[in-house]
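I have a structure here, written as structure tokens, and I will follow up with some questions on it.
Labels run A, B, C and D following the written order; every chain starts at residue 1.
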Amino acid sequence: MDPITLLTFFVLSVFVGFEVVSKVSSTLHTPLMSGANAIHGIILVGAIIVAGQAENVGLLIVALIAVLLATVNLVGGFVVTDRMLEMFGGRKQPAKATTEEGAR
Amino acid sequence: MDPITLLTFFVLSVFVGFEVVSKVSSTLHTPLMSGANAIHGIILVGAIIVAGQAENVGLLIVALIAVLLATVNLVGGFVVTDRMLEMFGGRKQPAKATTEEGAR
Amino acid sequence: MSLLSIEATALLYLVAAVCFILALKGLSSPKSARRGNLIGAFGALVALVTVFLSTELDNLALIIATILVGSAIAAPISRRVAMTQMPQLVALFNGVGGGAAALVAMLELTHVEGIGAVIAVAFTVLVGAVSFSGSVITFAKLQELMPTRPIVFPGGPIVMSLVALASLAAAVWLVISGDPLASYVLLGLGLVLGVLFVLPVGGADVPIVISLLNAFTGLTVAASGLVLGNTLLLVAGTLVGASGTILTRAMASAMGRSVAGILFGAFKGGSTAGSTVASDRPVRSSSAEDVAILLGYAQRVIVVPGYGLAVAQAQHTMAELATTLEAKGIEVVFGIHPVAGRMPGHMNVLLAEANVPYEVLQEMDEVNPQFKTADVALVVGANDVVNPAAKSSPGSPIYGMPILDVASARQVVFLKRSMRPGFAGIENELLFEPQTTLLFGDAKESLTKVLGAVKAL
Amino acid sequence: MSLLSIEATALLYLVAAVCFILALKGLSSPKSARRGNLIGAFGALVALVTVFLSTELDNLALIIATILVGSAIAAPISRRVAMTQMPQLVALFNGVGGGAAALVAMLELTHVEGIGAVIAVAFTVLVGAVSFSGSVITFAKLQELMPTRPIVFPGGPIVMSLVALASLAAAVWLVISGDPLASYVLLGLGLVLGVLFVLPVGGADVPIVISLLNAFTGLTVAASGLVLGNTLLLVAGTLVGASGTILTRAMASAMGRSVAGILFGAFKGGSTAGSTVASDRPVRSSSAEDVAILLGYAQRVIVVPGYGLAVAQAQHTMAELATTLEAKGIEVVFGIHPVAGRMPGHMNVLLAEANVPYEVLQEMDEVNPQFKTADVALVVGANDVVNPAAKSSPGSPIYGMPILDVASARQVVFLKRSMRPGFAGIENELLFEPQTTLLFGDAKESLTKVLGAVKAL
């Protein structure tokens, strides 16, 4: 792909990233950080590609380490974020939560 | 350029457009509309290209009409928006405006 | 000339695209709006220089001459037009943009390859034509070259559906055959469709339609970008299309309407123009002299301007009346409702033009608590924005819209021409309250009389 | 396998990228946050399936096995970790991501062409390594494997500058020669740099540094996208880089700090840890029994939890105390300051984990007016978030930060271990006010004692 196309993707993504996150409330800072953290675990795609092209055992081992690290980032990131948000979730609908508790 | 690249540009631009404008105050609706209107006057670039490639007089005339219309859109759009904002501008800094008036 | 390499060209177009994004960003905040617009203009300049330096162009002299002519037409009009005529000018500029996109796509038809590009051509021709003729009709409505009320004729919806179907057929024909003739037919049908589309829209809903057509034009420019393989047109057009869509929704919701309701309301009968039947319930009306006395002996007056002030072009007279009252030691402020008038922010622009100082223009939230202590609320050509039905009657079309709380002022004076309702077409109970007085007549004439009487006090 | 065409692959990657955008969008609003995260996970799944179906891969079995092992490690840890240990886990996950990006770039070095790509490799190796080792140190600090206070050693800034310069030199060497050896050197220097970078940061500033390193990792992933010519990595990485930058700034400003100040504060001496000198002015301290009596005979108690509650892991004891008091008919609510604790939203998470019902957790704006009518404000391990200096002394580092208005409660009880100040390192005048009582000791121990005494009442 030509450099300017890549640059255009980059620039547009910068704007999207900036705009989407600006003005988020401080209560959500940690989950948002952790969610964004999970997203960059997508480097796993890159790690898989290099592991699939490794030409000797040495390179393969390094590539598999990258796959392992990236998997931990990706899977752990999404799971941890979900757990965190599970706890946050209810907090935002106190009325509903109360009803449910009352029903038990 | 390949279609997916173009689609990617499109999708990213949609997000940028949506995000940038969401939650704008109603006072600015008209200038924003008029400013966005000026931006699509950039079709002038396209009109210039087709006019520069016109193969016969008929096509050239149509292309020049397009150039004319696009120019009116582009130039008029920016000028009208600027005039509108000139009036809005001061409204937002009443303190400063008062001082200036007092100074006269 | 091809002075620029492909990379340099693409880079400069990217710079222009970034300028446009920054322009939109700037325009959505009051502080940076003007700078944003200038950044946009700068981006356009960069793009123009780039196209001239990067493309092998024939007919260069003619092109440049045409651009100069276009600028010579557009700039003075834009600079001289009255603030009240802004909306129609914006509509017109939008329309010519759509027209230009349609023409560009038609001309490219013979050069494009691939089904995708032909579909983009068909889309651009059709939507560009709709945007052009639709904008011309909105222009005519706002400029009062034709009636502003919704124009509905029997069988309208059927004709509309038929034309829409025919356009679709022509588009398919164009995509399959690539025949230029098909593009002419499509252009023609698009023009008719645009007219049919806007005719049934009522005057006060027109700004929303302009915004919608604006988004349409943006999308046609994006599609032209696809056709020409030009990233800048694609990005800029998409930006306008997306932000225009959001803006249209925001405008509609600011005045408590739905976009679909506006477009199809007149067809379905629940018309946007509301009823225009004058009420015959008794009201207290009075003379300009009586109003002058009320005002002249007040301590605090709050003026609530509306659509009627704009229509009657009474802003200068109103400004003079305010100055005269202030010279008598009476405190005068203006309460500005966000959707008062013909377009959002209309009153701010109108009164700024009439040199009403900024500090007496107050937003709804600021001014509402002050009505309690006001002696007179002077409602000039406004109706819906002060109608208590918005608070009290859940069934009414304006229910839920925030209003200016004039009812709590000691005295309320309405300046209007008749007992006809406002835009929403519902009666205003406030007109019949004991504290209310009406002064019938065109706002400008009434204000002139009141001004004379106040001076004579 | 290459079951997918190039177009289909690109399209699926685009779908994944859109999922990531929607994930970030969702995460920035409380209502949609959880769904947003799931959309993100779905996007990742799409991307993984796509890479397997579209690329000719050797070692397939090994790769899949490694992924399974990785998931088997990450999922249970993530599911089981205590809420108090979330921040360090996020730091760790971020670090491994950065490490993975650095390794991927190193391996690609032999395949890339063009100076641009080699620059991207150098960037990724260096920044990825910084992110990896920096995150490991933040992990160690938060996990208390090492002291949380800023670690400054003489000549630190000089060593840091030297290492930074050496890294730059190695990067240039790599770009010029393309020699793999250079990339190993660069990796090593990056690791050292990351350590030096994070050591001087104080414990409470660590969340901001994690966020910054998160943005760094995002940028390395974007650069890997450039290296591999993969649009998805480019877009996703850039998104995280950009939003992470904004988030870092937002976090810093929510706690009234500047990012540069945090990173270089310890070097410059105006340390982020503030003073840790205990005050020796006289205060009124009392026993757990006295506090129990105060609480037991109150009608309304507002609990203000802070950093100390988290450190002492006292949330469960606190929850039990609240339940016990409520069983006695005493109204208990929790006043949650947005930046109380170790990370934003920390208190909400902590107390939700301890099963404190949602409706007694109140945000600052809700709870502040209620202090006037509270009999006791029980401040558990909080200090800065209740320090009136934020309102009254313009010179103080927390000036301007909104605080919980505990000073207007009838009685204020502080649970802390000593007279040392909080994170900002400034004395809290409230400790010396007549209505204030202190109960010294670890929050968990003190609460356990108070709980026993309340039960015995």
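The rule we apply is simple: a contact is a pair of C-beta atoms (placed from the backbone, for glycine too) under 8 Å apart; a residue touches a chain by one contact, two chains touch by 3 or more.
If you're wondering where the values come from, they're calculated on a predicted model, not measured in any experiment.
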**Complete:** Shared touch partners for chain B + chain D come out as A
**Message:** Counting one step per pair of touching chains, how far is chain D from chain C at the shortest?
**Reply:** 2
**Per Cα centroids, the chain farthest from chain B** = D
**Asked** Counting C-beta pairs in contact, which comes out ahead: A-C or A-D?
**Response** A-D
**Asked** Just curious, how far off is chain C from chain B if you go by their C-alpha centres, in Å?
**Response** 15
**Request:** With chain centres taken as the means of their Cα atoms, state the distance from chain A to chain C in Å.
**Result:** 42
**Fill in**
Here the gap between chain A and chain B, centre to centre from mean Cα coordinates and rounded to Å, is 36
**Item:** chain B residues counted as touching two or more neighbouring chains
**Value:** 1, 3, 5, 8-9, 12-13, 15-16, 19-20
**Request:** Would you pick out the residues of chain C that each touch at least 2 other chains?
**Result:** 21, 25, 231, 235
**Item:** Every chain pair meeting the contact rule
**Value:** A-B, A-C, A-D, B-C, B-D
**Complete:** Per the touch rule above, chain B residues touching chain D in the complex are 2-5, 7-8, 11-12, 15, 19
**Prompt:** So in the complex, which bits of chain D are touching chain B?
**Reply:** 7, 10-11, 14, 17-18, 21, 25, 231, 235
**Asked** For the complex, which residues does chain B have touching chain A?
**Response** 1, 5, 8-9, 12-13, 15-16, 19-20
**Asked** In the complex of these two chains, what residues of chain D are touching chain A?
**Response** 16, 20-21, 23-25, 27-31, 33-34, 36-38, 40-41, 44, 47-48, 51-52, 55-60, 62-63, 66-67, 69-71, 73-75, 77-79, 81, 83, 86-87, 89-90, 93-94, 96-97, 99-101, 103-104, 106-108, 111, 116, 207, 210-211, 214, 217-218, 220-222, 224-226, 228-247, 250-251, 254, 338-339, 343-346, 348-349, 352-353, 357-359, 361, 363
**Request:** Flag every residue of chain B that touches chain C in the complex, lowest number first.
**Result:** 1, 3, 6, 9-10, 13-18, 20-54, 59-60, 62-94, 97-98, 101
